């Protein structure tokens, strides 16, 4: 990680530490002698794909640069319950101050990676990509998108600034798919492709003839998707096709089999259950 | 809300808006005429307990103070799919820039309120309280804890600074429940109670005789919990009892029936599935 | 302007005001009675294309929200020396505190717009676009790029995050134009085009066959440019061509006549002489 | 440089890096292997006075503290085209992320130093000082004023807070040079001199008799300047004289020969053409 | 100190350094050669209890990490006039830039510790604690409360967030001591005690019967205090008693002898005279 | 006050409010109904010179912009105990949240103004000015210096950046008063005077002959001061004389009578006892 990444990430991590610590950890400062040191482990209490360990390490280091943190496992690994993920040692009070914040990152990001992995496994053998959306936890997009990649998924655009995606509300305000695509092409800089959301076959055709580079099939059933893919492929083999909306474990493989290039899933980042992970102090003095 | 609350909250909301908007919304600025205005609605696409509407409103106002936002429903209401939650009107480009950020808050907070409500309903009729933990999304504790209250739950301490809770790792570092409780009492200021986590009956007794004000039964089975409650109640009717660990919809009522005062559940804030909610532009010019 | 824009821009403008004002305007607070009010004008002292007036207005408003600011001219207008650009009235001390900061923006941005306009006029009648680069004044990219648009130019990518541009140093590190283009296509998200910098005809051909969407001809002479354009156009009419490097008033039209789509010019933002503009207090009491 | 300087400067440099990098360098992260390292040079592509190298170094270090940066030339040196200015080595991706930001500082500051030097050379042999003004690029005053010193110029006051300068607009609001000077003397703290701007001979006399310490001759022609200098010198040999307004290479020496002490020139910082400087990766693996 | 403490404290210390240094130390940069180094001492010019030395050290380090700082005395020590407190060496310019800021902390915090110590000595042999209040210098609560502890006092709650204290204005707004105590108990989380301010015997009784955990006797005379203590002790030996208001050196021991548990004194942090301490450069080159 | 002042001041005031409020006022939010409104007064409990009322008002407004604040007295007024200073009305919860922060400013600033006034009265009839120093509470210099002016004192330089003051440590490092004065004159910009600290008659003479504009007599007894003043006045009637060090109510008039121009007193800002002031809720519903 370049230090400029640290500059971005550290700022967030410090704010999150302060959110928890505020004017001080009253329990720990009352109980733990100032120079007490301990060994501790971060340990899995369930099965998951690990994600976020470098951020957990960074949180311990930001709390106390003298804490030793040794990663036993790497992000992206399949972890079984009771596996030791990392070994940590250092000032006990500082370990305890950092514990919850570090675990909150690990449990969230590993949860996202684990859910992403399940979807990726569901379309194994197909050439379709599973991508995230902008439906991330407020303030945590950098981390949530990292976790999606760690789980084997692909990232869609990061925000409103690094990709053109014409959605239903743009079209509603503007009055037509084709008009919108052409206007976008004329206005945005030359390094952007134009993606447009369509909800039926006439819109698919309009998108195609207006020169859209990527067509998002929104909330279509499998049959309509198949027709859409067929129409698009016949006309222009370069156009990318994205499926979006109501994707579940039940239907994700069928969607992939229609021949779309990308399946985007909001749940990856907004509804992933947390992984179960904890810290245990194993010895101290 | 006092402006000082705004000062805290606005700062977070602005950062989250900037996370999404960065150097600008390239799609919207290309497509939507600068003075175009629209009417829009925020609409439920599933059933949930609403939470976060004042923050959604604030996000629209921070984006453009001239946007009109009319709440149709209130936080805490039970919302059915297809219900209109709010009506919004104003500059179309600004509505579109704020849309995702506002929805990301609504979907998360309503998800938390909805999950909390399910647990609260599960113990209906008992006098036990359902409380949250510090297992919140990093940076969002203020909002996550608000959503728990909105769903009918109670808040545990906010962070490390506003409550004394002696946990397993403190005890491991220090060597004994009783010693820890007495030390905490001697050291922390006089406005704090002392809560201690115990994992078996001998620790329950040690906690009780050392003068703990609150005893947390961690990961005990129902039988052990019953014994613990009985021992505590016989000795001191003022001591509060909290149950914690592996709480599910299946066992939450049984736990409540043991007579504990509080059941704390990390899943409320770390594993609540998002509520399904969207914004639709209904008309514009 | 949406308030979120204000949030971005205001933060910069306030810092710039504080850079000048520091612990206070010692001259003005000594001399000007606290309630003294004045009328003032912003007036051109040379010919230029106006740019930055909304930011100047905002600077006055940030200094004192009660200052009245009436724009007489609009950004993008051709201004002749001695023209009144805006009329301002309000607290004299506050007008004087804001004066230099407001003028520093106006003189810089109008200078950039004026230089851009000269290049745009030089290629009048051709369909080529004049674009800026990332060679902006540190911290002022938002404003510098606005001024380029105001002068009739087009913006290239904003930063490293919203466009893929493979430059000589990437190729040097990686070992070949074609390899770089293919790798970029495989790795970056689907909403990006791929632009690559080439410096000779073999690289042009390699870029073309590797599927680059945009080819930047770097520092080529007119003859080589013509050959490059001809080779590209024969092979793929969709590929965009950008000319870059050593563009001057003398050669810009010849470059445009080679048939390139874009000419990028660093000087627009790094070497534009400032426009001459000042504020005069016309009356006060 | 003391660390407190770093605290001020680093904050600006980091913001400028983030302005360019935003959510990430999409090209570099796609193309350059994570552990790839390179040697690179910063090289002049034109002749100039070097300024800003310590800031360029700091930018590389802020991006990645492990980058090695060896300055071959020092700020203030006369650089010929094709001269190597610095040798850099380290992680290739991080070198590329920092490149443009570092060069943007170098090209601007060396441009200012070069223009300053030209004016300083123009008055060689005279005892007059060339000084800057507050007409700096917004947010870059610290750096612009450093570049002026590096080019052999002197700094005027930094901002509104560290020097008393009564300008035309103060006088207009107040009604008279003499009144203004006396009022300022009575009000500002005892460590300040009083400078006043005058535009004709009667004002010169008024300034002189009211006890001004420094008299600025604004936009006077050479003849009037000579008379002003003569009047001032006869009356009070301690008063300093500053010439200001419409200074060019053509008239700067004549102005200096009138006997003024200081010539202030806004163009030093608002209209200096950028120096031509680039980074080349020479080898890597 | 954990680094997270540094993050909180450093941010304040840097702002305070910048408050003094602003755009630069004009005297020092004019006079002291850039590489000049010196030895210096921090020396007492009066008698006091030392407090704040770690912050003074940190200020020197933040200014220049290469400054050597050797503490000769420790916080909490009784210092006699002319005692050397610390020896410092390093870059002379940086020593001088940090001097005043470091001394301003030392003089304030040692002043607070010294005043606290005087009150603590006044109640020697009694078991009553001397505590501070929230009447600290704005922005310096962290430091002021540290100084109170260093002087042998105890801290009351840190702010409004970490303790429940029902004051006269709450009772006025709500209409009764008992009602307020019961409402607070029902509403605040289970880790808080409830303290209530009372001003006469009927309120003492109401507080006691409503279940208050701590009763603050506000501005009572010694006789009323004695009665209050006696009533409370008879009824409930667990209730803590705090005396508050108009505490002086004359009456503090009498107050302590009434049997109260805590005496809170605003003057500790709002009216402590500064300790007299200075820095002397002993040698340099 | 211009909004730019607000920008500086508000930022500090908000931080101070947050220092007290943190994650929320637990007492007030438990007790006071959300829409409860009250009338309140700010009332003197001792005699003092009022200072800081505009900041107190601003604190209430920042907490809740709908709070009505009516100043009954003005800064600079002599206030008698029991006088009502301001009347406030609005949301009770918000009044209570702002109360302590507002009072902490009022008690500190009025304390400083009151102490300043006592010194100013002590030299009544003499033409000497009482000035402050840089010995202010860390972070509060803006406010402390305001309070000194409000009490009738004059401000010395604000910080290291807006005045040249050569102190003993500069001279120690440099080796001589005269050398230091001349070097400073040559190096600092032309708008600064040069002040130098001297401790005996030979240094007075050296300062005088080296051209110092202001001479600070440090820690001299009355006799030496008289001689110093006489020597300086004979030689140069323009040189200002400042007395500094160990100024008390007992000796301040004698010092003034020596004929010095300025007497600087650190105690004004580092040892002023707080004024006694409180807020009372008079009625509410």
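Order of writing sets the labels: A, B, C, D, E and F. Residues in every chain begin at 1.
Here is the rule we go by: a contact is a pair of C-beta atoms (placed from the backbone, for glycine too) under 8 Å apart; a residue touches a chain by one contact, two chains touch by 3 or more.
Every value quoted in this text rests on a predicted model; they were computed, and no experiment measured them.
*Asks:* Give the chains in contact with both subunit A and subunit D, ordered by label.
*Replies:* B, C, E, F
*Asks:* Given the two chain pairs B-D and B-E, which is bridged by the higher number of C-beta pairs in contact?
*Replies:* Pair with more contacting C-beta pairs, B-D versus B-E: B-E.
*Asks:* Name the chain whose C-alpha centroid is farthest from the C-alpha centroid of subunit D.
*Replies:* B
*Asks:* Same interface as E-F shows up in which of A-B, C-E or A-D, over half of contact pairs matched?
*Replies:* Looking at which residue pairs coincide with E-F, the repeat is A-B.
*Asks:* From the mean C-alpha coordinate of subunit A to that of subunit E, what's the distance rounded to whole Å?
*Replies:* 46
*Asks:* Between subunit A and subunit F, tell me the centre distance in angstrom, where each centre is the average of that chain's C-alpha atoms.
*Replies:* 53
*Asks:* Residues of subunit B that contact two or more other chains, please.
*Replies:* Within subunit B, the residues that touch at least two other chains are 21-24, 26, 97, 158-159, 161-165, 189, 192.
*Asks:* Edges wherever two chains touch, nodes for the chains themselves; is that graph a line, a ring, a star, complete, or other here?
*Replies:* complete
*Asks:* With touch defined as at the start, can you tell me which subunit C residues reach subunit D in the complex?
*Replies:* It comes out as residues 12, 15-16, 19-32, 36, 38, 40, 92, 95-97, 99-101, 103-105, 107-108, 111, 134-141, 143, 158-170, 172-174, 180, 183-184, 186-189, 192, 266-267, 270-271, 273-274, 279-282, 284.
*Asks:* Touching residues of subunit B toward subunit E in the complex: what are they?
*Replies:* Counting only subunit B, the residues touching subunit E are 154-158, 161-165, 189-193, 195, 213-214, 240, 242, 261-262.
*Asks:* Can you name the residues of subunit B that touch subunit C in the complex?
*Replies:* 14, 17-18, 21-24, 26, 61-65, 91, 93-94, 97-98
*Asks:* Which residues of subunit C touch subunit B once you look at their complex with the stated criterion?
*Replies:* Result: residues 2-4, 7-8, 142, 158-159, 161-162 of subunit C touch subunit B.
*Asks:* Residues of subunit E touching subunit C in their complex?
*Replies:* Per the touch definition, subunit E meets subunit C at residues 22-23.
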